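Each of the next two complexes has chain A plus one other chain: chain B in the first, chain C in the second.
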Partner chain A sequence: MKNFQYGDEHIGYKEIFFGVSAMVIGQGILTLPRILTEKTESIDGWMCIALGGLLAIVSAWAIAKVSSYYPNQPFTDYVKVLVTKPIGIFLIVFFFIYSVGFVGFEVRALAEGTKLYLFDRTPVEVIALSFFLVIIYAVSGTRVALLRLNLMFTPIVLGVTFLILLMNLGFVERENFQPLFVSSWKSILNGTKDTAFSFLGGEILYFYVALMRNPKQAPKAALLGMIMPVLLYIIIFLSVVGLFGPEVTREIMYPTVEMAKEVEVPGAFLERFESLFNTVWIMTVFNTASMGYDLCLILITSLIRKGKRKTWIILLSPFIYLLGLIPKNMNQVAKALDYVGFMGIFISFILPFILLLVVALRKGKNYA
Partner chain B sequence: MRRVWKIIVVIPFFFWMTGCWDRVEIEERGFVVGVAIDKPLSAKGKEELTKEAPNKPQAKNRYAVTYQIVVPANVTKEGVGGGGSGGSGKGKASMNITSEADSIFEIGREMSTRTSRTPYFEHLKVIVVSEEVAKTGELPTVLDFFLRNPEMRRGTVMLISKGRAKDVLEVEPPNEKLPAIYLQSVSRNTFKAARMEPIVRIGKLQGFMLSKQSYVISAVSPSEKEVKIAGEAIFHSVDNKMLGYLNEEETEGQNFLRGKVKGGLLKIPVKDNLVTYEIKREAKNIKAQIQGKDNIHFTIQIKSEGNIAESMVHLDFLQPNRIPNLERLVEKEILRMTQDSINKIQKDYKADVIGLGEYLENHHHDFWLKVKDNWDQGENYFSKCKIDVEADVRIRNVGIIDHAANQKE
Partner chain C sequence: MFSFFKWKKEKNKPLTKQEDEFAITIFASVEDNIKNIKNMFDSPSDLVIRRLSLGSRGHECAFIYIDGLVNENLVNGLIKNTQFKMNQTNTIPTDPREILVHLEQEVLSVQEIKKVSTLDDISLSILSGDTALFVEGTQTVLIIGSKGWEGRSVEEPITEALVRGPREGFVENIRTNTALIRRHVRDPNLRFETCKVGRRSKKDATIVYIKGVSNHEIVEEVKRRIATIDMDDVPESGFVEQWIEDNFLSPFPQVQSTERPDKATAALVQGRVIILLDGTPFVLIVPVALINLLQSPEDYYERWMIGTLLRILRYTAAFVGLFLPSIYIALVSFQPGMIPSKLAFSIAGTREGVPFPAVIEALMMEMTLELLREAGIRLPKPIGQTIGIVGGLVIGQAAVSAGIVSPIMVIVVSITAIANFALPTYSFGISIRILRFFMMLASSIFGLYGVILAYIVINIHVANLKSFGVPYTTPFSPLFLSDWKDLLVRAPLTMMNKRPEMFKTDDPIRQGKGDQS
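Coming up: the complex of A and B.
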């Protein structure tokens, strides 16, 4: 007898699946082909994505697994039980710093990118502010609404991306796919390290699994949700390098956007196809950043239990916005995102296994 | 009181909700469709500048750059013939503006001080560089602006002009309104003529420059009403200097060697007259036998399919040996042509534009790393290697006249 099904504060399998995908697909996709061709020879970078992706898939599964042991409890609750209160609080603070940095620099990076391609004369500060205001508006609503937005945006993003890939197929040159397997193992591992930054995003599972009606489904949803971006990144990487060749990919700031610019619609009546790509790209970053901001709020309200969600939004927003404006240029933004990324790597790829181990040990004790 | 507060909070929003900051109305945009880059005609500009501002930083070279801007009002107007040249020609669909400076970007900006429209490069179709500029090896410097600017597309067509590049943009094609669009269309007709180099897009050009390969760019020679794209300019990998031209024959041979022929024809001598073979398909396959750096033996196998398009001799094409014999003759013609261009490319220019280095890189990677730095420079192993060509031609169709005059035979 549920007439108004979506009115409740619970989510299902689909929300987790698309949530993870939307969180992972983001800024990284624009520069990843360049970074990988810098580090590896020829077209071998796809192996880095595959390796990094595998790590991300396993970690996402682990996070969901740990969280599903504690139904309806978010990370902020169960971590204190799991690893004692002081360590738990330290982890929450660490996590909070990470997500604040993540949102701030993500907003800045988006502003820089759109300025380059779309808003030549608009100051970065203004682009960042208007984008950030929309994010603030999004997080002011309910958390579940935020997750359901992913269901709407992600298919559009995937659709447009595949359309662009399809239309570029004619320009892909076979010569660029050779030679294969010429990079050293060292450089492959080195590149894998960089893909790890692009696959951050599984951390949302620490919190959103608690909202699930049936948390047992979480590990599978997380697994599949992570496989999607991994496959997408591999396909995009192969087409970008197939299109430009490794030498050119190395030199382009945002190779993926350039790929979108390459599209020539037959008949030449639609020339600026990349505007579509820019739109969906802003949508993905919006999803990513708003979920990131939501994490900040969950974490801070769990630390300091006073104040409403709205109050915290008003208090945090100026701080996050100004933080994003600190880097002086594009290179510094990338560097800042790297530093934040290192924290993220701990949270997303190392912490879940530690927690899983602790869970296993505790269980052993209980049942012994 | 609450209401007052709400209003006070809302008011600041109006200041940035005024609309798009970067808005430029479409009728204010100057759509640049073609660019021509020349050397300045005289050194006067430089002298004046040195007099005016002696300490102003100057680049090594100065360029005279011509921008072709669309005049939208005249594009749709009926009964107005021809594209345009000159500054103010009435009724023309485009206008050319030439300016001189040492920075290409500066010239673009200077343009907005001379016309009412701000230059807008998203629809740039063609860049023409004069051979004078190309021969100095300044191509990468010149193109840097066009590759760096986010407004540009990597699909822009690149051409080298015999003579001044500006003249190419000044042609007045009778059937097209915009000379730049005309140039773009002409350069796309490669499927009709094997002697035309497949169009070079600046994105691809950047690839050649970065991967240190020698490359070719279509050459265009202007006349008053039309241009002719035939032959190509050959550039060396090391310094990006233009070495010279390949003529139409050699271009065709080079296209065959690269497997890039999309169409066109071959004339083969039969008896004392000609039979024309129409190329429908062409592909190449390279094999290499490596016995040391100085002893590399390449075999390039060329496969082609096509039709008999025209016969000036009366032949019975249904005779059992006729087609195989003709096939052998076409093969011979392909071998002759490719051999000519190999001679020119390998012995005269010593620049690998056949893609043999690329083949080694892809298929004999370890060996390539050893010869890479001396491939078509230094020791120049490329000029020392042996290149054999094999051809395999299939004639699929002979047309509708079979027995034209078999009684004569």
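Coming up: the complex of A and C.
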């Protein structure tokens, strides 16, 4: 039976809002408190998050703005018009490499984290493979459904996170919040660079704004969608450091997950809350990775116009999976994610302003 | 249709004798027509032909109908009446066509009468229980509505019992069913569109909707899909459902069925479309979203607090029915640390001596339960109870004392089964049952991680699923916040002023604000 296509293949304001939030909330926050307390003194890391977040918010707005100039055209179409074809193709290839790396290492990082908290004997390869198969199933469906999944998972993840924060409120110690403003500007800027990795995710706007029914709403949706994770990260950071103190936070691999460990459920019907947290967290990483994979597919099909989406899924999947298995341990995965992150910083935080400038110049020329 | 007759003719040619052939035209002579129709039906024993000579001139005519399909009192009275009246009047027109008009307008006193002039229509009418009246000298035939056969009276539906609510249910007769709907909705915009489905069975299927309320695109789509039905027989609305559903690979029902007129009409005024089929009390409701399957009419009949609590209970039931065994398996076999230590010790204590891993134990118990359930349906009522007792004892007592399963597993399995029975939609309950095994499998391989992956997979599937263009996961995603008033919380009736946005109705307003006194 042929499907009836009405009101589909289009998304609204809420899908963009949740899409950005879900893309940004990911592996980053699990380790962010450790990285920030390593680089800054006391609890000053929140300033790094605020600064990095501000940058992310402005650039998400910029991406949405650029994309909304070209309604119903994805990045792969309008970039060639904007910055000439050769540069456009170079950017697309660059973007493709970034998203392939992103998906591969994100899956691996999830597998490592899961192994740490949920399994002891199961090999990482198997954990990663099963997760990756689920992602493949997701991208085999429609793109709109992929975005709708964000709406289904993000509230659950946020709910559980806030539950944990709420339950830990009583254990937060005042002394940990002092002294304030003791770090040097240099270290704060240094930390900001690291938070930038955690705020990658605005790049989906390059593509998904094209699916919007009313692209004029995109900048606002992107703005709000980015503000949510920024606030969430600040709250999480403050409570993690408030709970453990900066010295302890520095030493824990996944401080955010450890925070969940401290939770004691009243009535004690569930122990080791961090396993539950980790389980729920899989959902958000799934959202991030599946959207990332979708970007890969959009990019590759725009470069090579042959072959169906399904064919490319079959071709790309083994490659991405094996790429994710190259690093030998968690440190190498983190390093690999850093390299990918640098590419992401260019795409998410620098490219939008360049494009916005070009748009402005072109617009000026047209009107002159 | 014509091609069908031709096809039959060609196929039968080598096999049958020349007399069995029949012409597809109607003759002017009654005798020829009778012979022709006899040939077509091969003179069955239930075909009744009543010849009459009308008036003083003895004008030939004949009533043809099938015994058992017609209301005999009506037909007998009709024939007697016709003869009597025609013999009374002296001025019978000579022209056969005028006789027909005379018969139609003055003699035959029945509700439904129509003129037809193709053999196809005649055969279909006779086979549906109408009576055909042939008159000598004309090729037009009068069809007199005389349907009437033994049927069930309107009773309380067994599968959808309610504590509070109307006690009437749909029956097999489509005419009664349309009347039941009309009695609930007295709106001139209520539309009934009837078509024939089934190549051989030619049953009536009626698409019902309220014009100006239902989304016209959905109505068009329903009509288009119904029109594509091309099979020999459509014995039950389940056939229609399976033919028109969006995705036959899905374990979820994409069409809702009900026996309750109040439920059907509630769906109508929500802006949905219902499909009736002759011969079955189950009517179909489309489109359907996942949340509709967890709603029961009683949520609205009782006060809103009760409705809300029942809703929450039902969502919990769906959750428990889907997850409980798999979570138990995951916790016991993979993450025993997550269970509080005291409970963990007692579970370990009861599992001592059980030779199987938790998943085998769970599968065994689930299988036994499914068997019991299936056996209970098939058996006649008095024996069914015995099965219940035997099953309860087998599950509850003997299996535990024999050391095959642990008592906690018995608790888990029985709670799951009870939760499953609490779901208001039978077909959705089956989906949950199927998926429960999928979840158990996943959790036996990967523990909690497997449970969450399986949950994600189900979500991906559901997010891709649509029912007549309406996403299955509304109003969660796409998000319609105003529809959340009728989701987990059943808001007070006075607050639900809009029709569900998720069905994209043509008329969004359901009721006034009620503040103009």
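Simple rule for what comes next: the second predicted complex is superposed on the first by the 359 of 368 C-alpha atoms of A that agree within 3 Å, B and C clash if a C-alpha of one lies under 4 Å from a C-alpha of the other, contacts with A are read in each partner's own complex, and residues count from 1 in each chain.
In this section, a contact is a pair of C-beta atoms (placed from the backbone, for glycine too) under 8 Å apart; a residue touches a chain by one contact, two chains touch by 3 or more.
Model, not experiment: these values are computed from the prediction.
When the two structures are aligned on the shared chain, A:130 is found in touch with chain B and with chain C. Of the two partner chains, chain B is the only one that A:175 touches; chain C does not reach it. In the superposed model, A:119 lies in contact with both chain B and chain C.
In the superposition on chain A, A:258 makes contact with chain B only, while chain C stays out of contact range. Legend: residue contacts after superposition of the two complexes on their common chain; A:152 is shown touching chain C, with no touch to chain B.
Of the two partner chains placed around the shared chain by superposition, chain B is the only one that A:248 touches, whereas chain C remains out of contact.
In the superposition on chain A, A:279 makes contact with chain C only, not with chain B. Ranking chain B and chain C by residues of chain A touched puts C first. Judged by the touch definition given at the top, the superposed model places A:14 against chain C, while chain B stays out of reach.
Residue overlap on chain A between the chain B contacts of one complex and the chain C contacts of the other covers 118-119, 122, 130, 271-272. Put simply, chain C touches chain A in their complex at residues 217, 221, 225, 228, 243-246, 248, 334-335, 337-341, 343, 446-453, 456-457, 459-460, 463-464, 466, 468-469, 471, 473, 476-479, 504.
Interface residues of chain A, counted against chain C in their complex, comprise 1, 3-8, 11-12, 14-15, 114, 118-119, 122, 127, 130-131, 134, 137-138, 141-142, 145-146, 148-153, 268-272, 275-276, 279-280, 282-283, 286. On chain A, the positions that touch chain B within their shared complex are 116-122, 126, 129-130, 175, 178-179, 182, 244-245, 247-248, 250-251, 258, 261-262, 264, 271-272.
Across the complex, chain A is touched by residues 16, 21-22, 122-123, 150, 153-155, 203, 206-207, 210-211, 355, 358, 361-363, 365 of chain B.
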